[in-house]
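Two complexes are shown next, each including subunit A; its partner changes from subunit B in the first to subunit C in the second.
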Partner chain A sequence: MEAAPSPGWLIARQSARFVLRERTVALLSLMFVVLVLVSAWLGWSATSTVNRIYLDAAAFLQAAGQPVPTNPVLDISPLSLMRNMSVYVALIGALSAIVIGNRLIGLDRKAGVLPLIGIRPLGRNSYAAGKIAALTGLILALGAVAGVVAVATFLMLPVITLTGTQWAQLAGFMAVTTLYMGIFGLIGLAAGTWAKSETVGLLLPVTLWLTLTFILPQLTANLNPTAAINPISALATPPDTSFFHGAAVVLGPVSLADAYKFASAALLDYLPQGIASPSFIPPVINLVLATGLAGAIAWRALTRLSMTQGEYNV
Partner chain B sequence: MPEPMIRLNRLTQSFDGVTAVDALSMDIAEGEIFGFLGHNGAGKTTTIQMLTTLARPASGTATVAGHDICSEPLEVRRRIGYVPENVRLYDTLTAAENLIFFARLSGVADPKRRVAEVLDLLECTYLADKRVGGFSKGMRQRVGLAQAILHQPAVLFLDEPTSGLDPMGIKMLRDLVMRLNTEFGMTIFMNTHLISEIAKTCTSIAVLSHGKLVYHDRIEAVTARYGDDAALEELYLSLTPVGRLAEVA
Partner chain C sequence: MSDAALNSIRLNPTPVRTIAGKDIRDALRDRFILIVTAFLGLAALVALVTGAIALRSDVATYEAAKASLLALGKSADAIKAPEFYPLRLLRGAIEQIEIIGAAIAILIGYRSAASERGRQTLALMLTRPMRRWQFVAGKALAGIGLLAGGLALVLGGLTLLLHLMSGIGLGMDDLLRIAIVWAVAVAYTACFFLVSFILSLHMKQPSHALLVAFAIWLTLVLVAPQIGDTLDPDNQVAGGVFKQLNIAKPDQIQIMKGFATFETVRDGIEQASVTKHFERFTFAVLGIKATYAGMPLGPILIEMLGNLIWIFLTALGLGALALALPLNPDRLAKA
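Our next item is the complex of A and B:
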């Protein structure tokens, strides 16, 4: 005899399993993992190369009896070698999260099984909780993969030794990264639940993602769209004009890509001196509030989903 | 007098100001096979959606197996099974995988064993490991019936169960429904268009026209009064006049 798990847990487990079987989700998740590996390799490769050149130069200088300068690798925070990861998370991580969130509800709606689920002895709240739990689990898994890659990279670089504080900062960066992906996952879930057609359910969050990643940073931080995918040039002081001051106040709290970049830069020690987030809300707080808001919207959409008319219009 | 298995008390539903089900009141006793007749758009499916707690009524109420559909929806759901007109399942899963999922959601203690039992009962064990995506309408209908009886419900709701089935499929489904009623004591609530099926299967019938109940009686009374299937058809047509049907069309 099997012990009866709660209906919400059943929905969560089954939904996560179904979504993982989907080719699009598998491909995007794989791409995310590959890009995380690439970002770690780029940081590792750059640091190793500089270190090797320094060691050769130091040996030469020592043999020549000349003074040996300090290792440039040790002049910057070792955490900053992970800065490329923040860009890949903002791009492919957020997009993967949207697709995961969308498919979590889309699989039930497209299959047309909502009436058969709706007549089972589980409340709408259990159904909503199950879907959100499945999303949380999958996003945490993506975040965990990125975390393992980051930790492995630092352990493979003998010249770098992280202090306890730096390990904590790295953990903070992974938490913020997971939170950021979670926001987009919840937006994907909410849109997939609310939209009448499958296409709109996917296009809506993708449009929002494009706006947050490439358009709002232009208005709040005077950032060119192409610069948005560069972790260094993304962090510059916007012009001291009334437009940018106003835009920072109005759009700063919703400019989530900016908030994520500033939070990442602060945690990974690559935020240039004198530059601060244009928003009046601290970046991490901003991301927490956005997660809460996206979660509330997803919850409302899920608990109000009609079990009789839940199918997508074709 | 025992409490009826299903009691509708001025059950009403409306969409965008249009009344789909209009103050429907009737009782259905335990162990009945109840046939619910009506033209397209009469409100039969809407009634089933309310009784299965899939939709909340605009006003009025109903009890199913002694539980109120509005205040005790979970208790109602524990006691009912439902086969929609078009059975939709997860196409990428096998029949058994679909059924195990629904059995778990229904709180069945040993889902795998119960699924095997039900598939055996419905004589479709051969479908267990096949993906549902490739199933014919008849096969889907069988798996649909299987998911509805996994938890041995007291009441089984069938929405146009024979729609789209060939004569062999119709007969097979009719036999299964009769078996579930006689062997397991399930009360059956069946929406249908087929008057011949009503006469062969049902113990009582009701006719719905434009959301209003226009006839409700036991089948013996109907046949005694109106005679054979042809007379029953006459009765149905007289209750849902052509003029009214034209309005719907």
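Our next item is the complex of A and C:
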């Protein structure tokens, strides 16, 4: 006779299935996949255009008897073709993760099933572990889709071959990407659990995401919002003033969008020399610490959720 | 409803005013509008202050370099003095309105439609002697009025700060430019308000409508301009591809003639977004784009007329759609 699945596993499986049925989750996940494909095309198109411009410019300079500089494309690592993916993960990937986290708890609360779950022989810890496991599984699936697209792009594009180290760097980038989405998923889960209103549960993490993506980079590096979503412009050196130095020390460790951009740029080989993340904590460690903190917040919110009511206020 | 009652409604616009007034009072009472306006104000303030600090750092660097050259007995003409146009400091704030302002408009649109559904009061309101378009118009007017008020507070505060911070003060021409930007910002954010309002009023579940509206916001505000920006060859190489190849401006134009189709596609992607039209218009009027700095307002407005028309036609088109779509009372209960 087969052993009965653990309560945590049952919660995780049921929650993931319910969330996958949601049309909005499907819509945002589809947008994410489409944008990952677009990012691969953008990288290829932009690089090949620069290459063609160089060929035209070289012919022009030769005809004018001027020296021809080296092709800038040759200085670019093939991995940097994927640089736009870091932007789309920071935009749609993070938003998808927030929605997944929110729906994982929101569906139970809206359906009014919390009191029913509460009377089952199921500990709060099992419920929390099940929800976080479901979130982990769904975010890993999103990360895996992005990874498959990236790998397929490099295998299909002619002339491009990656070394073993570069494949490892790509794997590292996908891991960091999954971690970044996971942070927002956990925050979405915590806010959806804690909030009294469904809208507030969604708006709190979205406001945090807006702040991290568009406001903090301005304080740490004088980066305007549109520059913050350009993979190259986002890696600017901050002005050499005491204000920006102080802001980097205080806000650098919490500026997660900055940490993700710099970690991605380093792993995908497009980080210009002499430019470093504003935080004194290395970007990847920063993201790992943030994941731990977000996980602790989500755990606390889930284990303190009142099972006697739980439904959202209007 | 009898003909007499309908005639009375046609002559008397009170239902529109009543609904708009009630919505504005509700929004102010629950402090939601104040909170989101404060958030936008904070984002814009951060942009203005960090821009001013960076400019001050540029001026200090220039002064130090100039002093060094003069001490060595050389001419200071070799280094370019930083240009100071006070309105240019609004760049970050305009970009925050472009992104966060549009997101706030979506939230106001969602709340405007979802509040009646949540309280189950929509079907009740529609039993009153009024046309359904009057209900929609009242709600839309209230939402756009709240946006206009919030933007006036934010831009007004920034103008005051700029006047005090810049040291040279702002003239009437500067104030006129900011007023024009405010009016266009209201029309721009109204587009997103209406998208969210229409979706929240007509989709089965308002929370799904909010997410779909955010997906549209992501596409129009962030993705489309970002794709256009990324495809710009000059943004692919640090410092710019032509600068790295040491090619002069006239030769750049000559070379880029061979990439006319690519540039048309790139520009087309950008043009598809109302956000890019807003950015082009405001950057030109405020002189943020270098080619328009110091240029009189009249020629700028003539040159930017296409962008202006695009923004206003989008807002008007969405407004007409909101009024034209029939309301389904069966769909207006709490989902």
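Throughout what follows, the second predicted complex is superposed on the first by the 280 of 314 C-alpha atoms of A that agree within 3 Å, B and C clash if a C-alpha of one lies under 4 Å from a C-alpha of the other, contacts with A are read in each partner's own complex, and residues count from 1 in each chain.
Note that in this section a residue touches a chain if its C-beta (ideal position, glycine included) is under 8 Å from a C-beta of that chain, and two chains touch if they have at least 3 such contacts.
Because the structure is predicted, anything quoted here is derived from the model rather than measured.
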Partner chain in contact with A:Val249 - subunit B first, subunit C second, else both or neither: neither
Comparison of subunit B and subunit C by subunit A residues contacted: C
Which superposed partner A:Val148 touches (first subunit B, second subunit C, both, neither): neither
Which superposed partner A:Arg120 touches (first subunit B, second subunit C, both, neither): first
Which superposed partner A:Met31 touches (first subunit B, second subunit C, both, neither): second
Partner chain in contact with A:Met156 - subunit B first, subunit C second, else both or neither: neither
Partner chain in contact with A:Leu55 - subunit B first, subunit C second, else both or neither: neither
Which superposed partner A:Ile92 touches (first subunit B, second subunit C, both, neither): second
Subunit A residues touching subunit B - in the complex, by the definition given at the top: 1-2, 4-5, 7, 10-11, 14, 18, 21, 107, 111-113, 115-123, 306-308, 311
Complex interface listing, subunit B residues touching subunit A: 49, 52-55, 73-75, 77-78, 80-82, 84, 86, 88-92, 101-102, 104-107, 109-111, 147
Touching residues (chain side subunit C, partner subunit A) in the complex: 39, 42-43, 46-47, 50-51, 53-54, 56-58, 91-92, 95-96, 98-100, 103, 107, 110-111, 114, 118-119, 207-208, 210-212, 214-215, 218-219, 222-223, 225-227, 229-231, 233, 235-238, 241-242, 244-247, 251, 254-256, 258-259, 262, 279, 334
Residues of subunit A defined as touching subunit C within the complex: 23-24, 27-28, 31, 35, 38, 42, 45-47, 49-50, 52-54, 56-57, 60-61, 66, 69, 72, 76, 84, 87-88, 91-92, 95, 99, 198-199, 202-203, 206-207, 210, 214-215, 218-219, 222, 224-226, 229-233, 239-241, 243-244, 272, 314
